[in-house]
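Both of the next two complexes hold chain A, though its partner changes from chain B to chain C.
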Partner chain A sequence: MNQETEINLEKEGDITVFDIQRDVTAFSESVFSKAYQDADNQGTKKILLKFYEDAYINSGGIAILIQLLAKTRKNNQLICIAGLSSHFKKIFNMVGITKFAKIYNTVYEAVAVIAGES
Partner chain B sequence: MKTKKIKMVQMLDDHAIEVSLPNKLGDERIAMECSASFAKIVGFLPERIEDLKTAVSEACLNAMEHGNKNHPETRVIINMNYRDHVFSVTVMDQGEGIQDFPHDIEQPDIDKKIENLQTPRGLGMFLIKRLVDQVEFNQITAEGHMVRMVLRLTG
Partner chain C sequence: MELLSLCYIFKGLSTSQFRRLSEITKEEHIQKGEFLMHEGQKAEALFIIKEGEVELLTSVNDTFELPITILRNPGDCTGTSSIVAPYVYSLSARCVKAAQIFIIKQIALEKLMQEDHKLGCVMMKNLAQHLLGRLKETRQELKIHFKTIFQSIHP
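Now for the complex of A and B:
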């Protein structure tokens, strides 16, 4: 019943966008690790996680995202989030993710803000 | 060889639905979507339905992973009931519950999780508590261990 996560890396100027398709669960760990490794190998300093409104994200998936935030923090990379439904904005706020990754409504809005940040 | 047929979703009466899931991660989505459809029919707003979906999903995941300890031959039974503007959901596993169940479900410490001083997991019960109007964890019955969650239809 799980729909395996797929992440496509896209570039928006100096920002690496993780285009995250399907479920984000505990099974997503290897997909997120590979995406991060590829982005890090490219020397990225800014990462934008692009979600979709109908995404299914459970606590196992949130744990994977927390691990990703930890890696970006360790490597002094900026990370932010766009495209979440209002429900998951609330959830991410509840668990404290917003302390380490700012949430924007759209990719366009996120890119406009973080493109200028150093 | 005869195989035993198990009904996955049953309407018990006009007010109650039972879902019987195999202990397989991912299948919690069946209970989640079933609860969402039921809640929509009885008049819950989309925002509360999303809360319910996450709560049901997290309770099922806990039942599969911690209650049934990922044993594939076990099942998770979800009962949904709507009466007098109260939507209640019980999620039952075949485990024995937690002996020293914490009195208080603490807010996750995101700083410790980021610094790898605390596991990034363990968010399920916290989310359930925050998303439903009432929850009773660790209820031990003759059939197994159960979590009961309640959402009230208001307004």
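Now for the complex of A and C:
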């Protein structure tokens, strides 16, 4: 599991999409911090974490996501997730991430729902 | 033999040592969903991935499984508790994509390590280096959790 995370920021209207490439581990912290800092500096109020079906997110990666959720909650930013495999949807649900971030099947679905929210 | 040479634990062994390892290695097919080992079980074998994917997990409160890592590259291995006392698996390993794996039984490997001390020394040195990397990752994870707690207490 040695695939370093890469995040590209994209815009879908007023939503900043974190296009997350490859696996997420504890060593992905700086990449997520930078992406969030850049998005926050742009004044974003809506963040969508886009994962790919084959992404692997271990316990360290989950810790980073929880850290990110805490930041967005503190800054009154809406955050949601799309693209996860069913395996990780189940894990995220069990860990409680879904209490703070809704999970959508696709980016299209997520954008359709949250674009209109304030 | 070529696949065994991709495994970090065997890095630096000689051709003859690889030959001896091959003699105690068996290949098996593992179906998706099948477990190679269970956390807490007696560690009786070392497993090396030839192809397919195997996920390593740990149980939390017996209610859910926390993902630790995924083994998907040829040569990735697990089950190293079989060569370290108290010989109990610290994680479970479940096949997530049908796999071909190499299995080396603990009894045969321990015998080989006792007969060839250089081989044993190289393996333990490689294992120590690998475990140091895992420890660093675990510490990094711990730091992340503490940062989150700290930031929630001190807004």
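We adopt the following convention: the second predicted complex is superposed on the first by the 117 of 118 C-alpha atoms of A that agree within 3 Å, B and C clash if a C-alpha of one lies under 4 Å from a C-alpha of the other, contacts with A are read in each partner's own complex, and residues count from 1 in each chain.
Simple rule for what comes next: a contact is a pair of C-beta atoms (placed from the backbone, for glycine too) under 8 Å apart; a residue touches a chain by one contact, two chains touch by 3 or more.
Not measured: the values here are computed from a predicted model.
When the two complexes are overlaid on chain A, chain B and chain C occupy overlapping space and clash. After overlaying the two complexes on the shared chain, residue contacts for A:Asn41 are found with neither chain B nor chain C. Looking at the shared chain after the overlay, A:Asn76 reaches neither chain B nor chain C. Contacts of A:Ile66 after superposition on the shared chain: both chain B and chain C are touched. Once the two complexes are laid over each other on the shared chain, residue contacts for A:Val95 go to chain B and to chain C alike.
Of the two partner chains placed by superposition, only chain B is touched by A:Ser86; chain C is not. By the touch criterion stated above, A:Tyr56 is placed in contact with chain B and with chain C alike. Contacts of A:Glu29 after superposition: chain C is touched, whereas chain B is not reached. Of the residues of chain A, those at positions 1-2, 23, 25-27, 56, 58-60, 62-64, 66-67, 70, 87, 91, 94-95 touch chain B in one of the two structures and chain C in the other. On chain A, the positions that touch chain C within their shared complex are 1-2, 23, 25-27, 29, 56-60, 62-64, 66-67, 70-71, 74, 87, 91, 94-95. Per the touch definition, chain C reaches chain A in the complex via residues 58, 63-73, 96, 137-138, 140-141, 144-145, 147-148, 151-152, 155. Residue ranges on chain A touching chain B, taken from their complex, read 1-2, 23, 25-27, 56, 58-60, 62-64, 66-67, 69-70, 73, 85-87, 91, 94-97, 99-100. Per the touch definition, chain B reaches chain A in the complex via residues 24-30, 47, 50-51, 54, 57-58, 61, 108-111, 113-116, 119-124, 126-127, 130.
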